[in-house]
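Each chain carries a letter (A, B, C, D and E) given by its place in the written order, and its residues are counted from 1.
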Amino acid sequence: MKYLYYPGCSLKSTGRPYDESLRAVFAALGIELTELDDWNCCGATAYASIDENQAFGLAARNLAIAEAAVTDGPPTIVAPCSACFLVLTKTQRYFEDYDHVRDGVTRELAAAGLTYRGHVKVRHPLDILIHDVGLPAIAKLVQHQMKGLHVASYYGCQVVRPFATFDDPLYPTSMDAIMRSLGAETVDWPLKTRCCGGSLSGTIKEAGLRLNQHLLVEALRKGSDLVVTCCPLCQFNLECFQKQINKNYDERISLPIMYFTQLMGLAFGIPEKELGIRRLFIDPLPVIGALKGGVPAHV
Amino acid sequence: MSDKPKVGFYWCASCGGCEESIVDLAEDILGVLDAVDIRLWPVAMDFKRSDVEAMADRELAVTFLNGAIRTSEQEEMARILRRKSGLLIAYGSCAHLGGIPGLANQFPREEILRFVYEQSPTTENTEKIRPLTSAEDQGRKTTLPKFFTMVRSLDQIVEVDYYLPGCPPTPKLLLNAVTAILKGELPPKGSVLAPDTALCDECPRRDSKPVDLQIPEFHRPHQVVIDPALCILSQGVVCMGPATRGGCEAACPAGNMPCTGCSGPTSGVADQGAKILSCLAASSSPKEEDEIRRVLEGIPDPVGTFYRYALPTSILRRKRMPAETPQAHQ
Amino acid sequence: MDRQQTSDSSGTWQPKIIAFFCNWCTYTAADLAGVSRMKHDSHFRIIRVMCSGRVDPQFVIDAFARGADGVLIGGCHPGDCHYMEGNYKALRRFHLLSRMLMSMGIEQDRFRLEWISASEGEKVRTVINDMVRRIRALGPLRLPAGLAELDGELKTREEEILHV
Amino acid sequence: MIGFLSTKHRNKNGSPSSGRIKKVVRRVKYESELDLGFGETIAERAYGQKLLSCIQCGTCSATCPLSYYMDFTPRRVIAMVREGFREEALNSFTIWLCASCYSCTVQCPRQIHITDVMYTLKREAIAREMFPRRYPIPILARGFFDIVHRNGRNSEGRLLLYLYLRTNILKIFQNTRLGLHLLRRGRMSVRQEKIHRKEDLRSILGAVSPTREEPRS
Amino acid sequence: MSEQNGEIRIGFYVCHCGHNIANIVDVAAVARYVAGLPHVVVSREYKYMCSDPGQELLRQDIHDHRLNRIVVASCSPLLHEQTFRTATAKAGVNPFYFQMVNIRENVSWVHEDPAEATLKARDLARAAVRRVAAHKALQPKTVSINPDVLVVGGGIAGIHAALTLANAGKKVTLVERAPTIGGHMAMFDKTFPTLDCAACILTPKMSAVKNHPNITLWTYAEVTKVDGFVGNYTVTVKHKPRYVKEDLCVGCLECIDACVYKEAKVPDEFNRGLGKRKPIYIPFPQATPQVVLIDPETCIAVKSGKCKRTCVEKCDRLAIDLDQKESFDEITVGTIILATGFKTFDPKRVSYYGYGRYPNVYISLEAERLINASGPTSGELILRDGRRPKTVGIVHCVGSRDKNTHRWCSRTCCMYSLKLAHLLKEHSGAEVYNFYIDIRAAGKAYEEFYDKLLEENVHFIRGRVAEVTDWAVIPEEEGKLIIRVEDTMIGVVRRIPVDMVVLAVGMEPQSDAQEVRRLFNISCSTEGFFLERHPKLAPVDTFTDGIFIAGACQGPKDIPDSVAQAGAAAAQALMLIDSGEIKLEPNTAYLTEQNCSGCKSCINLCPYHAISYLDDKHRASINEALCKGCGTCVASCPSGAIHQNLFEDEEIYSEIDGLLAERSPESTAV
């Protein structure tokens, strides 16, 4: 399996552990990722609030590069960051659906000597793992069964919405399935896709923190040992504000928040250095290592 | 001077096979020669256009004209002969339907000339020389007839009294025609002097055709060994028989070759190709879109197959070539 | 003026499309489009037949030859034919015929077969609008006109011919 | 109505009529005060006329994780847009609170692209500079816009810096510890990420048609 | 055009249809234009051609101007062709010398530019005028109607239709797929708005069906094949094996007690899995017929053969036959009534309501069974987790009025939700909340019932529920189901904790509606319900003569509406039966033998085996009685020897030519 890889800005900074662990895990599964040449920012959500046409043009540059990069078959971009995944998918969809978007984008790209014919598939790692790789193949690689580990899968909003192509938009299950194939137990909680408030934590703090708190509290209430997620902003947000939440709302939360690819990596027996475990603020290894058959803390 | 009816034979764009077919009457030809007075037969004797022009109107009782109309010279002769003949009979597929030369209606005029004068495998013409259409020599002007953009059947130029179908018409049909003319027992003007039912009616293989025929695959004659006893269509080989006028006694199927449609459609059909296409497509078996596409690919050249003799007289008559119409005439 | 050179009130060329609709599905769908007041392009003319299986390729060719810029056949979805299998026959004829037409210089977009069930009034609208759009892009077919022009190469006045 | 809609003297959860009795205000809205074409304009800019098919069922409000903080629930904003209450809609906090989580969009029984509607309203408001001074989100958006515009990629570090400089310098100090943590763990750098072929962007953005979000006059 | 018609004299009439046509099409211009066409003797415009004066005008002209061809440009031929043919015939002209032009559905209703619309109307008129000139005089084919009727579906609609026909003295066969008749209505506890118990009013009708001398009741049976045409259908019915001889079983139920399964283990269908049954069972006490059946999936004897077969021993009437195989019956009927009913929406499709995840989330039918005295809890309101609810939330419009699931309003949910609200409160004294978008209580005594509920202080919160979760934010919410909804009247989002959630699921087409539709050769609407011939004027007819539809298979309906429709469908069938015969379109194919070459191409194309090959003559031959007039053979005949009445090549060619013929210069004046 070969795919184009679009890390996006976050995975180059706050989301580095995601980038590292994803590459490691995909490599272990024999999937070849080629980073998209000279990719640029997807435009994200903020950009759309200023000028949508520019946002589309910006995102489309990446699609155009991808289309040019692949000659055999339709090019597929793997976009792990939720925002990037959404924006690229949206650009692709609206390019197909709305003439004025198609015309605009085509004209803008032409100005840069680029062309886009609309053939790129934008996909999320979860989609690839479930539908292309398949759970059995994942289970086969597991060296350390995550027996007895209670995992809350947190998808965040923008992976499954609004273009839920590979999973239910409000009650997705793909990440849970992957976690179970690692031997872990998944908690069934209703907030899997509820907004974490990340986009507000820098701006309207009160609102952001509240949403954040609700998620953490409910995850614990349902008996989770840790939360796995597939969105860099969510991971950052849920992890970095726990102290503040404890302070503001008199809570005693210390819940490891990690990328689902990191847990996969640990289960596969990949050295934690390659998974960026040490980059996390709340070290998940104790809770994992503490488990029988889990990963010894020294790994 | 004899009072035998004067007869003319003339050829336009044709291969000469029709002329042969007259000789094919074998000994019967003697009877014919006794009965008629041949006044025009360029293939056998020397005639000048001026001789014909000199004739009185309707001087020729009957003229059998074979070949399609492709050049201005042929057009002119057709018009002259129409004037000079009591009955004008389109003789053979080319005059009747446009015939094999009519397949040229799939190509632009220029492309045909280029191929013939420059590209055909047997041509060595590096300077790309083309014949002059007119030339002066010691004050004398000689011109070549104009090469038309479109091939036409005889009745697309002048009114035709009767048609003798076939490539070429069988001696039997010719003899019937001549006797009918001599006896003055002719069908209504404009008739085709052959039966009005399709070939299957007289095909020796008719009874071998299953009533529940469904064609799973199409083959071309060279791809299979055709069973001499069985209906050719039932063997998946395209046979134009069902859409082609009889009268030839199914000579080709009798000779283990599929009918290619030289006698044209029966009177109830306007477009021979369209009808056989309709019939074959309906009788083929696939239902799934891709399968349909694949099976019908077994007929690689629908136009060449279904309109081999009747393209100029089909509803469309000629391939549409927007680039080249309207044509600047030479 | 060519017989098929339809032009609207503003004088610009407008395509003419002949649509053969089967009585049970597509014609009913067109009625439904009407009842639901679904406005769509007017440059097509419906001919009602009982079944798409009745559409003789001669009709299609004849329509083009008489000046149609496009021909549309509408039938019931596969499996839904009121007469069981007429639409399959139409489908097979369509494939062979459109290949024939293409080699006779008539573009693919000018000949179309669509399955439109009695309930798909909306589809009537979209199919027709789309087809008109494609044919506008192709421009007029001008078959009769083209042939008429070619006859210019013939001599019609006998004095040109007979040197008497 | 005007007084009722003003964002002043409003308690946190945005419900106007709580707390002490407010001074009596006359509430009336004259049709002549409305922008009756507003609904259709926004509908058209937010991809399709579906907006006009809203049945006011409130699913959007109920599914919205932030509606608790909104002065008007999304449903009411849609109603305002539909009916031409342009000033009220653009002045509403609601559009700035939208976190683009798309819950409303996927659950709306009329398939209205509510998130797109919110974007459209944000752009409309920004174009009219109709947001509170130093209001973080538009500023953050603008900052992000500028950075990406310049370099083709975003650097979260610089972006936050940019934001705090323009909104509330003090926040920088509140968040320095977090920043340092990130730096130490190699999850943040002040180095600016750049793409090689920046000229591409310039030509692309240069070719963008005059944005459709010009305030309607 | 055929000479034997002598001189052709055409009368043309363009209809205004009030403003429907005249507003867009310049009818005067059309009439003026047609007047100038060959053979046209009279060309008029008139306000309503279908009205009596309109038809009288036609008759008068035929008489005064010796017209022998008529063209009317008005609405769709599917609507009024018959009307005008009759009018033409009344005036002594063969009805098939008539041609209709559709300038309403096909022109004025779908085009906006008057100039273009008028141009199109003109073209269509010209084509019709040319076509009609080529028409031939024809005699309609008449077929007799077999008086027997087939009713498919034994719900309230099927039951009512069958009884109506049987009481009119017609022989009826009622085929029901389930082991018993009764349908959904049998599951209901009470019916709105009168609150009389469903069983009390239904069961008498059920036994009436069973005992009626004119009704043959076949339950646990399905129609597998339908041949023929109006008046003469041949239907094949499959009887699924019950493993019990229906004629011997008297429903003593002793076999059930005797079953080796001491405890009932299998979730029972009738109680929507809330109760349990044994492998040998009777669906419910009043099941009709009173015959037990064995479920092969769970019966050890049928599955493995290894069983003591205590049931067989117990039955002294030897009714139990474990080797029973499916069997087939073939019947002939003249008309068919489809009353195949509906399916309830599966709320698993809307994950956010937690159905299937939270045990205390129910659908309305389950709630019906829970409060039904003969239900699994004998009417006690006990939840799946054994608790008794103190608060209940009823969520309206689940799978209705939602473009993501079903766009339509299911029409019954509002009222049955009100009913359930009343009954639940009555049974448990619980606080009941209704969450609604709009209350639709348009029916006799419905609004009054809504009033009553308001008086009973049932909560009505206007807002569509966004989610049902077990996510507790405050202690009071612990252990409850939390309903998140905007109270749109107040404009605030509320979280309402309840013990029980009832999802008012909508009505959707049966999952096999498409197959059934094909089987009976009728159409479905976009939604997938069976399509009526005309939404207003022919609500129970279909596009296939002799096949009628009744009840919820045509669209969501409550009991009164279903019964009314069943009556209407029965009346339509009776009309056909009592008229004895029906005229068919004479659009059959025929062969001109002298042109046939006996190529056999056509034989296999006919789906009705109407074409045969005469070995002696070496010619094909068409049986016009079997021909249904599709024209496929006509289009195929490579000798042009097959023709079709009403759709002759010549007629279609003149139509094509008419449509494309050069427009006269004056037309550009428009």
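FYI, contacts are C-beta pairs under 8 Å (C-beta built on N, C-alpha and C of every residue); 3 or more make two chains touch, one makes a residue touch a chain.
Being a predicted model, the structure only gives us computed values, none of them experimental.
Common partners of subunit D and subunit E, by the touch rule above, are A.
The chains in contact with subunit C as well as with subunit E are B. Minimum number of contact steps separating subunit A from subunit D: 1.
Counted by C-beta pairs in contact, the busier of B-E and A-E is B-E. The greatest centre-to-centre gap from subunit B, using C-alpha centroids, is found for D. Rounded to whole angstrom, the centroid-to-centroid distance between subunit B and subunit D, based on C-alpha atoms, equals 78 Å.
One finds 48 Å separating the Cα centroids of subunit A and subunit E.
For this pair, subunit B with subunit C, the centres built from the Cα atoms lie 30 Å apart.
Rounded to a whole number, the gap between the C-alpha centres of subunit C and subunit D is 51 angstrom. Each of the following residues of subunit D touches two or more other chains: 103, 106-107. The set of subunit C residues that touch two or more partner chains comprises 53, 56-58, 62, 89, 93. Residues of subunit E found to touch two or more other chains are 352, 467, 605, 632, 635-636.
Under the contact rule defined at the top, the touching pairs of chains are A-D, A-E, B-C, B-E, C-E, D-E. Residues of subunit A that touch subunit E in their complex: 168, 170-171, 188-191, 214, 218, 221.
In the complex of the two chains, the subunit C residues touching subunit B come out as 53, 56-58, 61-62, 64-65, 78, 88-89, 91-93, 95-97, 99-100, 103-106, 141-143, 146-147, 149-150, 152-155, 158, 161-164.
Residues of subunit C that touch subunit E in their complex: 1, 3-4, 6, 8-9, 14, 16, 18, 23-25, 27-28, 30-31, 33-35, 37-40, 42-43, 45-51, 53-59, 62-63, 66-68, 79-80, 82-86, 89, 93, 117-120, 122, 125.
Across the complex, subunit A is touched by residues 12, 47, 65-66, 69, 96-97, 99-103, 105-107, 113, 115, 119, 122-123, 126, 136-138, 140-142, 144-145, 148, 152-157, 160, 163, 178, 181-182, 185-189, 193, 195-197, 199-201, 203-209, 211-213 of subunit D.
Residues 76-78, 102, 104-107, 109-113, 115-117, 119-120, 123-124, 127, 517-518, 521, 523-526, 531, 535, 543-544, 587, 605, 607, 628-632, 634-636, 644, 647, 649, 652-653, 655-657, 659-663, 670 of subunit E are the ones that touch subunit C when the two sit in their complex.
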